[in-house]
Amino acid sequence: MCLGIPGRILDIRDDFGLSMGTVDFGGVRRDVCLAYVADAVQPGDYVVVHVGFAISRVDEEEAKRTYDVLKEMSQLEELEWMSEVADKAIETGERAL
Amino acid sequence: MTTIASTGLVCPTPMTSSERIQLGHGSGGKLSAALVREHFLPHFGNEVLAQLGDAATLELPHGRIAVSTDTFVVSPLEFPGGNIGTLAVHGTVNDLAMMGAEPRYLTAGFVLEEGLSFDVLDRIIATMAQAARDADVLLVTGDTKVVERGRADGIYVNTTGIGMLDEVVRPGPHRARPGDAVLVSGQLGRHGMAVMAFREGLAFESAITSDTAALVPLVRLLKEVAGEELRVLRDPTRGGAASALNEIAQASKVGIALDERHLPVPTDVAAACEMLGLDPLYVANEGVLVAFVPAPLAERALAALRAHPLGAHAARIGEVVERHPGMVVLRTGIGGTRVVDMLPGDQLPRIC
Amino acid sequence: MRYLSEYRDPVVARGLVTSIQKTATRRWTMMEVCGGQTHTIVKQGLNELLSDQVEMIHGPGCPVCVTPLEQIDKALALASRPDIIFTSFGDMLRVPGSDCDLQAVRARGGQVRIVYSPLDALQLARANPDKEVVFFAVGFETTAPANAMAVHRAKQLGIRNFSVLVSHVTVPPAMRAILAAPDNRVQAFLAAGHVCTVMGWTEYEPIAAQYKVPIIVTGFEPVDILEGIALAVTQLEEGRHEVENQYVRAVTRQGTVPARSLVEQVFRLADRKWRGIGEIPMSGLVLRDEYAAWDAETKFGVGDMTTEESTECRAGDVLRGQLKPHQCPAFGGKCKPEHPLGAPMVSSEGACAAYYNYGRLRQSEVATR
């Protein structure tokens, strides 16, 4: 019930009272109904599209903020994991001597 | 006073020229002969075909031959990168090439729908003939039938091909062995998505073009590198790479382990698949082959492929393993595993 | 693709897996109620990566699985009529009804077409004024705004040869039904990110409070799901039970208000049968009287069809987490992806189909040791 993917609005037009736009998804373009987000978007914005309708605007600031936190956390995990592996290697190395 | 020019008056019957295919074009009479003479021969013409005998007589060198047949029903008839005619030539040429055979001759049978425009037909014939010339194959015999409006979706084409088997290099789906490298010669998913872009109800705009092409030059390069160690060749058409690899895994009774990080899928194909909920592994390709060679030969095979324009995006996508025989398993981008099964039928777009 | 590919970053994903492994002091059981999330979990093998920390139960989150049998049978009846062009999302084509499925009806001559959007179906009606076009309006709250707009537009523009066969369900009543069952094992939920994009998350707050379960509004990419699971595990370990939003880039507490308004204008709540589960009160959407002329059931007189569920298919028990697919007697024998008895074997991410593939993998791995 859920296949919604983010795309960038290229243009917005009125189709007999219905707000429609061309949305670009990584090089593929489709007409999307923007009626539900019309007040909140302009060309260049990203929207989540489900079955040809924009169901919300992507909050790019929130996305960046939370992703940066996540990325930092996982890099710390990566460093920790790497040092654990290194520690183990030294341990087993010493026993081999 | 009304004047009538006496020159230029022509009896309106019988109509001998038209813009569209009519039932009469398939009935074996004058219209049929005119169709062959004026539309097919000018493009396909060669001494064998020109004889217009009931059958073609061919001189074949000594040795074993390979024969393959395929019928093409694609809609729309014309799509970015090709049409039903070029597809029909490449498809059968490639089936022969996947046996390691050198394609030589083609036959072509056409079922034409009443009302098909000659503009479209001529375009398809012309490009089809060029595709045959580029692939070094001769169209030696053919047939045309016409069916009533509403049948045949415009055109259905069948091509049958004859090729000479190689004495030494005999790839086969049963020959994969644990340790073999699985190579793919180009990007995945282009043909299927190029055609899908025009499908009523699912249409979208993109720059995706079909990859339809004759793979003979790539096979020749692989033969040079691997010789009889060129164990398996397959062109992943309907059902995509997943179906082809499953068939090979089952025929050879081995497991195939793929790595998602190495699958060459173009961005726009990936995007179109995301939008419709499709998996590129199940999308048809018409200008790509998968090849299995012993691991030590993989690098040289890749280099050979990449040196050719058709193989520029060649990649090593996995290996043959002893575990899970008959199954294809994928290592995902984040390190999980997933079974890549055969689909029961067509892959369907989804919303869920 | 922007706002998609980053959420598949393996380093970030691994970081989250490690974080979950460190936080969990025991194994927790949680459920996702969204086919798209089930798809990612199965497709990315997330279940396997976290098997010691989390048991994921795949809930009734997909229209393929929960559309009641009689709605499928009504669809088949409509699609079989020569005067009707029956349009549907691709998901529904292979779902078995009492007798066959939409693909079989097409093979017998029915006009069945797949569309991407309900507006495409409306367009088809405009382009074929001498035919009747029926659209199978299936889905959760995510799809209701789209279907509502199609019906609303049809009324606005006076398009009378268009109608919808409605089979909408809503998530919160299903969650309540699962939590209220005496044998419930679910300790936390991942809430469907796109349902919440439309609806917001206010409806989940009373559920979290009443049943004391964390509910995390979660997206669909591997990083989203892992982060959702991480947040759930943290809450469970800390004894908290709140609604938390992981999918911040798309979801706000109020949701998309114009969408909710039109859905309320076009549809009203009604009791609805969920295939395999039974009737859940006020869990479905039906067209309001002002839109009755666009209701395919009344227009074509199929409203009275009722059917009995086959007892052989145990989909309901599977969807509520009471039965593992391989414990079903029909599993792998009478019921396989090529000839499914019920919906969870149809789609490749349905719980039964997923188990079918993994079962074969495990069996063969055991055999080759």
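Chains: A, B and C, in written order; residue numbering restarts at 1 for each.
Here is the rule we go by: a contact is a pair of C-beta atoms (placed from the backbone, for glycine too) under 8 Å apart; a residue touches a chain by one contact, two chains touch by 3 or more.
Values in this document were obtained by computation on a predicted structure and should not be read as measured data.
A.B. asks: So, comparing each chain's Cα centre against the centre of all protein Cα atoms, which one is closest?
C.D. replies: Going by the distance between chain centres and the overall C-alpha centre, it is C.
A.B. asks: Which two chains have the most contacts between them?
C.D. replies: A-C
A.B. asks: Return the distance between the CA-based centres of chain A and chain B, expressed in whole Å.
C.D. replies: The answer is 36 Å.
A.B. asks: As a quick test, compute the distance in whole Å between the mean CA positions of chain A and chain C.
C.D. replies: Taking the average C-alpha coordinate of chain A and of chain C, the gap between them is 22 Å.
A.B. asks: Please list all residues of chain C that touch 2 or more other chains.
C.D. replies: Correct list: 1, 4, 13-14, 35-36, 62-63, 89, 116, 120, 139, 143.
A.B. asks: Counting only residues that touch at least 2 other chains, which ones in chain B make the list?
C.D. replies: Residues 267, 270-271, 274-275, 277, 350-352 of chain B touch two or more partner chains.
A.B. asks: Going through chain A residue by residue, note those that touch at least 2 other chains and give them in order.
C.D. replies: 1-3, 5, 25-26, 50-51
A.B. asks: Quick check: in the complex, which residue numbers of chain A touch chain C?
C.D. replies: 1-6, 8, 16-18, 25-26, 33, 35-39, 46, 48, 50-53, 55-56, 58-60, 62-63, 66-67, 70-71, 73-78, 80-81
A.B. asks: Using the touch definition from the top, list the residues of chain A that touch chain B in their complex.
C.D. replies: For this pair, the touching residues of chain A are 1-3, 5, 25-30, 49-51.
A.B. asks: Which stretch or stretches of chain B touch chain A in the complex?
C.D. replies: 204-208, 267-268, 270-272, 274-275, 277, 350-352
A.B. asks: Going by the contact rule at the top, pick out the chain C residues touching chain A in the complex.
C.D. replies: 1-4, 6, 9, 11-16, 18-19, 34-37, 61-63, 89, 116-120, 139-140, 142-143, 145-146, 149, 153, 156-157, 192-195, 197-198, 220, 223, 227, 248-252, 255-256, 258-259, 262
A.B. asks: Per the contact definition, I'd like the list of chain B residues that touch chain C in the complex.
C.D. replies: The touching residues are 200-202, 255, 267, 270-271, 274-277, 322-327, 329, 332-339, 341, 343-345, 348-352.
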